[in-house]
Amino acid sequence: MLGRSTRPHKPGLEPRARAGLDVCMAEPPSNPRKRRIHKRAPPGSKPGTLIADPQAPKPVLRAFGWGPATCEELAEMRVADLPALRARQPLVWVNVDGLGDAKVVRELGEVFGLHPLALEDVLNTHQRAKVDEFPGQTYVVARMLEAPGGVLETDQLSLFFGPGWVVTFQERAGDSFDPLRARLRAHEPELCGRGADYLAYALLDAVVDGYFPVLEHLGERVEELEHEALGSPSPRTLWGIHQLKSDLLLVRRAVWPLREAVLGLARQERPGLTADTRLHLNDCYDHTVQVMDLLENYRDIASSLIEVYLSSISNRLNEVMKVLTIITTIFIPLSFIAGIYGMNFDHMPETHSRWGYPLTLLAMVVVAVVLLLWFRRKGWIGRP
Amino acid sequence: MLGRSTRPHKPGLEPRARAGLDVCMAEPPSNPRKRRIHKRAPPGSKPGTLIADPQAPKPVLRAFGWGPATCEELAEMRVADLPALRARQPLVWVNVDGLGDAKVVRELGEVFGLHPLALEDVLNTHQRAKVDEFPGQTYVVARMLEAPGGVLETDQLSLFFGPGWVVTFQERAGDSFDPLRARLRAHEPELCGRGADYLAYALLDAVVDGYFPVLEHLGERVEELEHEALGSPSPRTLWGIHQLKSDLLLVRRAVWPLREAVLGLARQERPGLTADTRLHLNDCYDHTVQVMDLLENYRDIASSLIEVYLSSISNRLNEVMKVLTIITTIFIPLSFIAGIYGMNFDHMPETHSRWGYPLTLLAMVVVAVVLLLWFRRKGWIGRP
Amino acid sequence: MLGRSTRPHKPGLEPRARAGLDVCMAEPPSNPRKRRIHKRAPPGSKPGTLIADPQAPKPVLRAFGWGPATCEELAEMRVADLPALRARQPLVWVNVDGLGDAKVVRELGEVFGLHPLALEDVLNTHQRAKVDEFPGQTYVVARMLEAPGGVLETDQLSLFFGPGWVVTFQERAGDSFDPLRARLRAHEPELCGRGADYLAYALLDAVVDGYFPVLEHLGERVEELEHEALGSPSPRTLWGIHQLKSDLLLVRRAVWPLREAVLGLARQERPGLTADTRLHLNDCYDHTVQVMDLLENYRDIASSLIEVYLSSISNRLNEVMKVLTIITTIFIPLSFIAGIYGMNFDHMPETHSRWGYPLTLLAMVVVAVVLLLWFRRKGWIGRP
Amino acid sequence: MLGRSTRPHKPGLEPRARAGLDVCMAEPPSNPRKRRIHKRAPPGSKPGTLIADPQAPKPVLRAFGWGPATCEELAEMRVADLPALRARQPLVWVNVDGLGDAKVVRELGEVFGLHPLALEDVLNTHQRAKVDEFPGQTYVVARMLEAPGGVLETDQLSLFFGPGWVVTFQERAGDSFDPLRARLRAHEPELCGRGADYLAYALLDAVVDGYFPVLEHLGERVEELEHEALGSPSPRTLWGIHQLKSDLLLVRRAVWPLREAVLGLARQERPGLTADTRLHLNDCYDHTVQVMDLLENYRDIASSLIEVYLSSISNRLNEVMKVLTIITTIFIPLSFIAGIYGMNFDHMPETHSRWGYPLTLLAMVVVAVVLLLWFRRKGWIGRP
Amino acid sequence: MLGRSTRPHKPGLEPRARAGLDVCMAEPPSNPRKRRIHKRAPPGSKPGTLIADPQAPKPVLRAFGWGPATCEELAEMRVADLPALRARQPLVWVNVDGLGDAKVVRELGEVFGLHPLALEDVLNTHQRAKVDEFPGQTYVVARMLEAPGGVLETDQLSLFFGPGWVVTFQERAGDSFDPLRARLRAHEPELCGRGADYLAYALLDAVVDGYFPVLEHLGERVEELEHEALGSPSPRTLWGIHQLKSDLLLVRRAVWPLREAVLGLARQERPGLTADTRLHLNDCYDHTVQVMDLLENYRDIASSLIEVYLSSISNRLNEVMKVLTIITTIFIPLSFIAGIYGMNFDHMPETHSRWGYPLTLLAMVVVAVVLLLWFRRKGWIGRP
């Protein structure tokens, strides 16, 4: 999924950034993921006001209904079809891709009795992962991570579940639930023979499992940048390190609160959560701990990278200055000697001597050799 | 509200800061927000002594009174009008803009029985957000944030509430409560049908909602500075980063204790706080957590920015030094050759040869080309 | 008290530090506050051994005694006068300025039954703020801060109180208790009508209130150093930043444990502390929290300052190097051209041409202009 | 085991890294330990799905069975032989080296009733150390550390134990359990006379004891790098420091959660853990605390090292620049004087004077001496 | 004890480090205190195996026995003499200097019934301070600090106490218990009239009191290094700062766990610890808190020092570069002018003019003066 050739930088940057003498650094690639958060309702509005982002994609609904015997799937269904489905099947999962229409959210809320404060959070897609308990329902927020084309993106998953039903909202299409859907369609007993709480666990587990390829991708970037920072530091490397740190922060903000939320679900006894589901949630919690562990590892390395980069740059400056100093130190005295015998004094006996010129050249060679030996003894050239 | 063109720097700074050879950096713009704290009463005074800041604006009072049926508003009222209003209406909200007169504060304190230690805190406007419980009343301090013209300002909100009444004090006019006032005037049942505790919640929620546009503004500044630090670092960028970090600290000092205070209100059972209000306060707490989360994110990025800046500057120095070294290394040996044949020795056979001059020029070209190739191999010019 | 002109640096430093070419930095001003701690008794001695610092000032005692009706003051009294005073008045406060005589401390300890381990701490004046409970008495240590002449100093206040008496020890004369003494002399009912515990609170509150002017002074220094670091960084600035950080640490070490101590007094029920005093101590605790909050703010800014300083210095180096590079890059090729026509070859046709000289000068001008344009395009000179 | 000559760098790096004028740093040695984590099962799969890494070594089983009287050992046994062994002997330990075959793991799981979620963790070898309690069995994960050839490697140890049996899985052959096996073969009463829980403790203790030689090795590297960073900083040093920090992180990630796990085992009463074993686990916990303590010490020093390195590099740059400045500052004025008398004006009276040449040379000597004295006074050459 | 002239650097380093042009930094002084830890028994051995370090000094025993009436001292005694002493006197303290013989440790263990796991810790002298409770005895580990000749050394004190006896083990002779021994010999009632627990407290208190002179010594080094880093930074300073940080870590590792251990002893009720001893342990705990407080202070300053050092170095580089730039910028244009009139064109009218030479000299003076004024305006030379 995350190919080897994935690079964290725009390819268009390279030609300029590599151009040797050009000090004007290329503009860093503009960040495609804006750090904008925008509350839909103005401050002081009535809590629970539902206002959709007009630019968000329109909602597309897909429902699964299943019972001991069968499983049916309704793609691109309407909210009005839900009551019939719920009547037919004891267990129902409705998934909504796209939050561009507040009406659909409100109607679904009415069908399942979702809490207005929770629905407001569904539409304000900058929530932290959390678990909120409302009477007869549990509301879980998680952030899904994807890195299509090497650019990290998050997608807020709002998950409601109650006895016999699960409702999920996603910001846009595309998730890691397809194997789960296949297991539903195959009417797998381990999944279909349990309650709605198990499906909720399975969805959360798929979200957490979806973090692992992202971590693999980040691990590759860490290694690439380590190599660049130590071997061939360029402004592109600096940008890459900064971008990596921002991405790690993004992942951390997704995973850290989810860990707490999953732990809360797993540890606290609640109606509607069987002991079996809680055991599985515990396993899911273990996975979030692993993700955090690796993430903190990457963060520690990334923090160190910028110091490594600065040290590498200083090393190079040192080398540049040594070249300058060696060249200057050798030729300036030689030029000075040449300058002396370029003076136009009438009475300069050396200039009239037959050996003046060759002896002067010899003196120059001696000066140069002495200086070279001195630099060698200092360890600036050759082996010390 | 916070326009696109908002810049964190004084425009007058630019011409000088950009002037190429001018090393004397322009003076950084003086900080309009002084980091002065000043206790009004001298150390050792009697606690509860009320001394107003003579330079603060004079208090302006506005009261709302409402009941099951009606809502009345008294703009620019006097303290003396309050008893009549309280007699007419079961619920009353008095708002005071400006703390320039200790007498008004004292009189209001007498009308509602506000605690003297709390009133002292109202006038010393460098309080942290907190909740203090006094018999028959709850005292909440919050700090409102505004960024008019891109400069962050805080305004201390002191909020007292008890059964049937809410009193608020602000340092100056201007707040984010206008939608709330409109809802009161419209006699909205969700607001007017509940107690004073719900209004107190609604006020706090409006304060917290007011943090979001400020965060949006800070997010834009973070992005701008990231771009500058990576692409075109100037002394202005350094000042901008430092200013950003100070502003983030300011917001943090406002939000962090407020989070605790709201949590305290939401979690602890107290007389005068209905379960419904506590549920809403929980939602408000969630918002403060979101604000903190984003803020910590910005703080992490801002901390990294100064290292990025330093690395960018070092990169540039490196490039400057490469230019110097290349030019010097190429021309110094050439000048030395020219210097040799500028010597006035009588016996320099080359100078009399027909091919002396062209061969010398050729040698110079060869030296220059060899050095250029060497620099190219080093990757200092062109592609490596 | 802390005038505007207070500067954290010795004035004598300036002339040398400013002298342009002089690389030998002026010696940093020697630190007047030595970081020496010295335990009076050798390791392994009997605990409770009282040994006074022979260089400490001799103790001066001042006692207040008061009851429902009157208040009497005994300045420069002797320990022997105390029993009579205690017999006359129900409430007594004895203050000792100067710890140069272990005998006075021992005698006072006998009069009031002060615990030997506590008395040992009185004489070893490097205690952290703390509260120790002994039977029939409470022992509180606090550190008073002063900044006379811009140099921070701490003074250990040891405060004992029991039913009807308060004893305080200070390292030297000078404190912020004078308004309190005036209130005693005026026999103010709020103060004289309550017990010894209230006086103990009032003393601690005066100590905490005394931190605010010190913070104001530190805030001014932070602002000055911000300005210097961004606008005109000099070695003096570096010293100032380092000194500021040390001073902030000093204040932090005084305030942080005091906060804990005051909280301990306020929260824990103890005999001899009325509920009313505990309410006031809570208010005092709030003040210590405010002080810590500001202090942490300053510490964050000060930590950032040294990075800002380093970046400013690097910026300047960059500018210096640009000047050097521009001058060198322009004149070295010109000098090389001049060098070529300074060679003494017999056969240099250009030298004999009429237009050789003017054309060479023209070529030099062209080279210089081309290089200047190139530097301008790079943004090194003028506007980019 | 970790010989003195162990170096953290590839020997092939040295010749290039030491070559004086060569600024193109040698490529840092590629990291043999990839930071890849790879979940075998795709997101959304059924939990407990066992998929083996096809590249992992094939499993090799070795079992010990013992009772009050005898101890027998079965090398390279098959799972099918286990029931007979369990029938013969009351206590059994099965060790598996290599995880390349999911079937063997599944079969062993069936024989001992190991939990499917735990078995999934056995095959996903990027687990953190942990303790999971399942009915009738305890599952412990620990990470073993080895540093063959100076390169740190971790090996996941999965340890199950229940009444009468211990099962361990390792990623590959090679561990620190040989002394333990020898004690079993010798039928040592302290080991063979106790239950399976004591063997589990003994295995964990051997894992923890195996950390000490790794720490010794890391301590040597810290000392070497300290020496290099202070005495002769090279790009190789930078790479070494970065590598050391990564290795310390790796060890920390192994030890930190193990400490928690061992503490959990030692403190919590569980069926199947005797008080005697828990006392020994407490001792083992003490050892993990010692390891962490040393590790944090190394980490603190390693963090400081990169700053030391940067400072050393800056020191050297300073020295290089002083050389350049001294040479340039001395010879540029001298060359200028020579240049003046190289001008071809007709009317230069000095050039015709007999003393012109020697006086000019004298002036040059005077200028050089004055400059040298000035540099000496500045402390740039010789003693200040 | 720690004289003024104590320096943290080898004196032999200075001559080379100060030699101006010599860039090859002197080798940093080799660290006398190796960071080696070495477990005596190989991993997987039987716990409680006693193996002595063959290079450790041989044990020397000294015992005190005392009762209500007398106190006797046995210097250089043998283990075999102990039973008789214990029979004669109700209270016994045995001190062992040197751990080079496992047999003596084993025999003492048998006499007093010391726990084998604890005895193993006595011989592995890299323990953290801790308290272990075994039936009928308490085992305390503390690390004593000494700084003879300015080099910090730690010495593990293993202290066992039970009813009527105290046993202490030290790595080598030399401690801070001599005043305690004198008090025993003098049969001081405060010491001899209490139980073994009080002597254990007195020993721990002497260990903690022994930290204060070490802190005084570290405080002096902090001040010296502050002065050097700000005033005259040299490679020696860098080494000194790094060494100081390592030493502070060493002290911290000794004090931090001891603080916990003493607190554990003071707070938890145990048989064999009287309330009076616990009050004194509380006082001892206060002292460890003071030590930690000062230590953290030094650590904060030391962390800042390396940044200060780097900034100082950058400052100096700046000054060096200014000198280079000023000299080069002034003389390069002058040399260029001289170069022009050194050209050998036939038609250079100026060269034949009478005023050509003086006017050229005048032009040079003007150029030089203009440049000097420009540098002065920039603030690079003289006052700005």
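Miscellaneous remarks
Here the chain labels run A, B, C, D and E in written order, and each chain numbers its own residues starting at 1.
Here, contacts are C-beta pairs under 8 Å (C-beta built on N, C-alpha and C of every residue); 3 or more make two chains touch, one makes a residue touch a chain.
Treat the numbers as computed from the prediction; the structure is a model and nothing was measured.
Note on connectivity: the fewest steps through touching chains from chain A to chain D is 1.
Chain B maps onto chain E through a rotation of 145°, based on Cα atoms and reported in steps of 5. Measuring from the averaged C-alpha position of chain B to that of chain C gives a distance of 26 Å. For the pair chain C and chain D, the distance between C-alpha centroids works out to 42 Å. The set of chain C residues touching two or more other chains comprises 23-24, 232, 307, 310, 314, 316-317, 320-321, 323-324, 328, 332, 335, 339, 342-344, 348, 379-380, 384.
On the chain B side of its complex with chain C, the touching residues are 18-21, 23-28, 30-31, 34-39, 42-47, 117, 121, 126-128, 130, 232, 235, 238-239, 242, 245-246, 249, 253, 257, 306-307, 309-310, 313-314, 316-317, 320-321, 323-324, 327-328, 331-332, 334-335, 338-339, 341-344, 348, 350-354, 356-357, 360-361.
By the touch criterion stated above, chain E contacts chain C in their complex at residues 176-180, 183, 188, 190-191, 202, 205-206, 209-210, 212, 215-216, 219, 222-223, 226-227, 230-232, 279-280, 283, 286, 289-290, 293-294, 297, 300-301, 304, 307-308, 310-312, 314-326, 328-329, 332-333, 335-336, 339-340, 342-348, 375-376, 379-384.
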